[in-house]
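Please find the structures below.
Heads up, the next two complexes both have chain A, just with different partners, chain B and then chain C.
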Partner chain A sequence: MAATVLKDHRTKQRRKVLLLFILAAFAVTCLFANVLAGPSSISASRLVGGLWEPGSLSAVEQVILFELRLPSACLAFLVGAALAVSGVEIQTVLDNPLASPFTLGISSAAAFGASVAIVAGLGFPFLPVQWLVPGNAFAFAMLAIVLLQVLNRLKGGGPQTLVLFGIAMVFAFSALLSLMQLFASAQAAQMIVFWTMGNVDQAEWIEVSLLAILIVLIFPWSFLSANRLTALRFGADRAMSLGVDVNRLRLLAQIRISLLTGLAVALTGTIAFVGLVGPHIARMLLGENHRLLLPASAITGAALLSSAAVVSKILIPGVSIPVGIVTAIVGVPVFVTVILTRTSK
Partner chain B sequence: MTHPETIQSGDADFFPAGVGANASGLDVKNLSVSYKDKVVLRDISISSFRPGDVTILIGPNGAGKTTLLRAIAGLIPAQGSVEYGSNALSSLPVKARSDILTYLPQTPIGELEMTVLETLIDGALIRGSKSRADVEQMALVLLQKLEMLSFALTPLSRLSGGQRQMAGFAQMAMDLPPVLLLDEPVNALDLRRQEQVMGLIKDFARSGRTVVVVLHDLSLAARWADRLIALSGGEIVADGAPHVALSADLLRNLYGINADIRPDTEGILRINVTGLAS
Partner chain C sequence: MLSNGDRSRRELLKLATGAALFSAAPFAVKPAFSASPSDVSLVSRDAPDLSGKQPRVVLGDGHLIVALSLMLDNPVSVLAGWQGDVPKLSPELYNAYRVRHPELADIPVLGEAAAPTFSVERALALKPDVLVLGGAYGPGPADEHLSKRFESAGIPVVYVDFYQDPLANTADSLRLLGKMFGGAAKSRAFEYADLHERRVASIRERSQAISRPRPRVLLEANAAMQGMGCCWVPGGKGLGKFVTLAGGHNLGTELAPGRAWLKAEQEHILTSAPDVYVATGGPYQRGTSGLEIGPGVSQEDAKRQLAIAASASLTRVAATLPLNRIHGIWHLFHVMPVNILVMETLAQWLHPDIFENDDEALTLDRLNRDFLSVPLEGCFAVSL
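Now for the complex of A and B:
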């Protein structure tokens, strides 16, 4: 019997790796679909041809493909991956399936930071003016996470305390954001609202590159911690007995999450649910071993946000809905389905 | 490596006696723990938990049993010291400490999307001292020994509390350091499984390890303990071999119950609770 069990176990593991590759292929398909979808009526075959041979396109079509569609599709792909990996790390570190990258108030702080730049024009000196808003958003996200660490250190608290402080942070910055909107001009208030909806339409290659560099730096760091994160799922006490320095792991994971989420939110605004649902889908498909779960979450998140971006472009012809609204609307039923399938076993 | 098909139950040699002759004892010196102004452990000193012994901690709810184990394991801040050989445990980094001791909490492992076999394999690979092939074989031997093969490929999320407790115990047993601290390892188990787990715990001790177990079941404690330590209100109130430490007076003081205690024909203490002490 033991031999059969081992054989079945190995078959299962191989299937999971295969599934990971299938997921990856699906995510890349979503990326291409996102490039092809858009308001202007260029045929798909012309665009695909243009990817290989830019010369076959007219100058306008080249701008649409290389300056609008591609950067925006890449940004959606990368932001989805960044949010979902942050999501799975925060869920593991806080031992809380309802946690998301925004649980600790990172997005609320970023939104407030953005509003300060939009309303008062305050931000970092020497920064080009188009970077004022994302720069401020990122700075406030970092500020929030440092504040959170200080508070939690004072209390000497564990993950539960951290969640509570995080919620306090969300409320505090949301209130401050409302205050900014109250004093803002009508135009500025509208800009704030648009910013908080989250969208990837006005992506530029420099933004895509920044996030790509951060991901190249942080994902391998995350993946190197995969075994320790898996150990944490057995409980903090067991993880310590397996030789994992839990406090250090928690702190380093939070640094990774803050940087990734902070930059993602600064570039796109608040995009809900990808960081919550992505990890859940990945976990359902591939289980809790983080060596598979981390890459699976990245892939799922990228696929989710890419397909949400496609939906946002084709749902109402001629209107591009901010993708953050789509993820919120689509995210709820997906999340409910995930919960239902989890409990029905 | 023993092939899983050939393993016999009661095969104590399966667990390497690598800690054997030169194993150190564990010394607890003046250990105190308080939360805010509430003292949970008061100046506990236990000279030499001996390798080879199963020491069982008993005492009423809130006596400080779990706190004592966790303080020894270095999971909560405590005053005083815990020494293993020439090492003060609190001065060691987490990894070095985990090479000396392991702690199994009383709450079973969570309802994870992970099979029992994966739980064992991944846990052992995290410690990283053995190859995947070795770890796989060892997990199968252990699961066979503990009669868990029938649910080896079931995710923890679909198992009962008792089965998850078995999974946690088996994971702990995959890579045994010289000191084991087990907090109520059998509280969710049926009688057969209690016997299996206690038998294995005894095997661990025989292989030269120091084993400290918290138990609520006094009959089990009396049968399996080489040494019994009773805690009450954060202090040690009895310490010795079961037939020395256990008495009707002790149980009246500890739990407020009346009980008959007498050895049976094999010398094992039989405890018969007759009612609440007035």
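Now for the complex of A and C:
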């Protein structure tokens, strides 16, 4: 009897791992589709040829492929993965399926930081001018998260209190952002609006590399906590009885989330819903075991944002819609479904 | 040509990109962090030599086409692509050009009316000889991500400025473009640039000699425009410099000496006791309480709309000023090399005893006759 159950479980696990690989292949397909889609009419075969043999492309085509399409496609891929992994971690540590990396106010703080750079030109003096906006956005995201931790420590509160403080952060920074917009010139206000829409069009290789390095450092760290995170899904008490230091787990997860989300938002602006919807899709496909759920979320997030980027390029020929708008449009129906199924329980 | 499907999708985009982008566009004030790019000047020192061949130019600001029409008989023939601000913000101007040069409709449009919408990839794919940037409704010197990529593709980027500091940069910008095209274009551009400088010097000399107190001038951008609120006025730069040059005291200069436009507090404006009120507007104000003026607008319509705009303006100046101190000009002068008309007109309005009956004064008729290959037709300045 036990052997049958075990065998059954192993078959299921194998199936899930297979599904994970299929997902990964799909995500890579989306990445390539994103490289191949674009407003200029360079054929796919020419681009693929150019990837292996850059010399076969003209100077202009080389710039389009290597300085526009590739960095932007890679950034979309990485940001999608970063936000979705942050999403699944925050949903687990807050024990809240509606939480996203932005629930704790990281994006609002980042947007305010960006606006300070855009409107007032204030930022870190040692940074070159093109890093002023992302530098400020990252700094304010980190500031917000430190403030949040201090407040939560003072109260000694659990996840519920943390969410409440997070909501307070969102409102506070949104108000400050409005204040900056009030003082902004019309064009600066317009740039803030564009920034908060979230886009990957102006990606630079240096930005892609930065995020890639952070992901290489943080994803394995998350993966090492996978079993403890899975245990936490059964409730904090149960996890503690299994020997998990829940407070430490929560704190470390929040540090990872803050770094990943902070950098992703700083580079692209606010891209909504990937961090919320990515984890849910992964969960529906592969269940709660974080050893599978974490990589699956990364892959779904990457696929989701890459495909949103493709849609944003082909929806209106010749016009690139900020990808943040498209992800929200795709994300809202999924979000609503999650809420509906949740309340009907 | 755009198909109908493309057009309706384009309409959709207007909704998608949000009213904020669109409504803010007519102002096009430079963001603060790029207002003082320390290492890049607003006007390039050099431009590629395109004389002796059929040039292919991409315009980062569509309104720069007026600068081209000052020096070229057919400004459309050199266009490889352009930003979409002219059809969007000045459809009447667009039609005037399209009637003369129907091929304008086939020129690829590379964005809307704001810098972030300019498609770098589509512009690159056109493989133009040069990219000319104006920094008003499209990218400018601060957008390094763009210039870097053009330069690595071997396409030179040329900056001109009729917007940040038009008084200082209009003549140099035109000379730069003239040199780039060479031949007859060069001599026409130089002739206009010299004339521009001469007129600026002449007006400055006379206005500086005025000993009586300078009239306090309230210039209000897009007066009484829906959703704009109160009160967009020029700071010390942009049109504010023109007011000062013409012998006026620009109310916005003391509020923000370093900016082209600012939103002043209504109460401050209400208590500022201006002597002269100048509203700006455009044909896009048709059917609203704003000032309808500019290409394709008749003098009578403009005058009637000025009365409506002045009384609807939240600055409430109409009641406090005599009618002959209420004027209106076309808003888009703030991005165009024909800005000299603003100077001449303001000077005559502010100090008629000194500047009226000046035979040297540049008029719209003279610009149309001697320089502009596509004439500006309509009412561009009006008084009650």
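Keep this in mind: the second predicted complex is superposed on the first by the 332 of 345 C-alpha atoms of A that agree within 3 Å, B and C clash if a C-alpha of one lies under 4 Å from a C-alpha of the other, contacts with A are read in each partner's own complex, and residues count from 1 in each chain.
Assume a contact is a pair of C-beta atoms (placed from the backbone, for glycine too) under 8 Å apart; a residue touches a chain by one contact, two chains touch by 3 or more.
Being a predicted model, the structure only gives us computed values, none of them experimental.
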After the match on chain A, would you call chain B and chain C a fit or a clash?
-> fit
Would you sort A:M240 into first (chain B), second (chain C), both or neither based on which partner it touches?
-> first
Residue contacts on chain A - larger count, chain B or chain C = C
Just chain B (first), just chain C (second), both, or neither: which does A:E204 touch?
-> second
Return, as a multiple of 10 degrees, the angle whose vertex is the Cα centre of chain A and whose sides reach the Cα centres of chain B and chain C.
-> 150
Tell me which partner A:V119 touches in the superposition: chain B (first), chain C (second), both or neither.
-> second
For A:L6, decide between first (touching chain B), second (touching chain C), both and neither.
-> first
Closest pair of CA atoms, one in chain B and one in chain C, after superposing: how far apart in Å?
-> 37
Which residues, counting only chain B, touch chain A once they are in their complex?
-> 4-5, 70, 73-75, 93-95, 97-99, 101-105, 107, 109-110, 112-115, 117-119, 122-123, 125-128, 136, 140-141, 143-144, 149, 152-153, 155, 157-158, 168, 171-172
Interface with chain A, chain C side, in the complex: residues 6, 9-10, 12-13, 16-18, 20-21, 24-25, 27-37, 108-109, 111-112, 114-117, 119-122, 124-125, 127, 142, 144-145, 149-150, 152-155, 232, 259-263
Mind pulling up the chain A residues that touch chain C in the complex?
-> 38-42, 58-60, 62-64, 67-69, 117-121, 123, 129-130, 132-133, 184-191, 193-194, 197, 199, 201-202, 204, 315-321, 325
Of chain A, residues touching chain B in the complex = 1-3, 5-6, 8-9, 12, 227-228, 230-231, 233-235, 237-238, 240-246, 283-284, 287-289, 342, 345
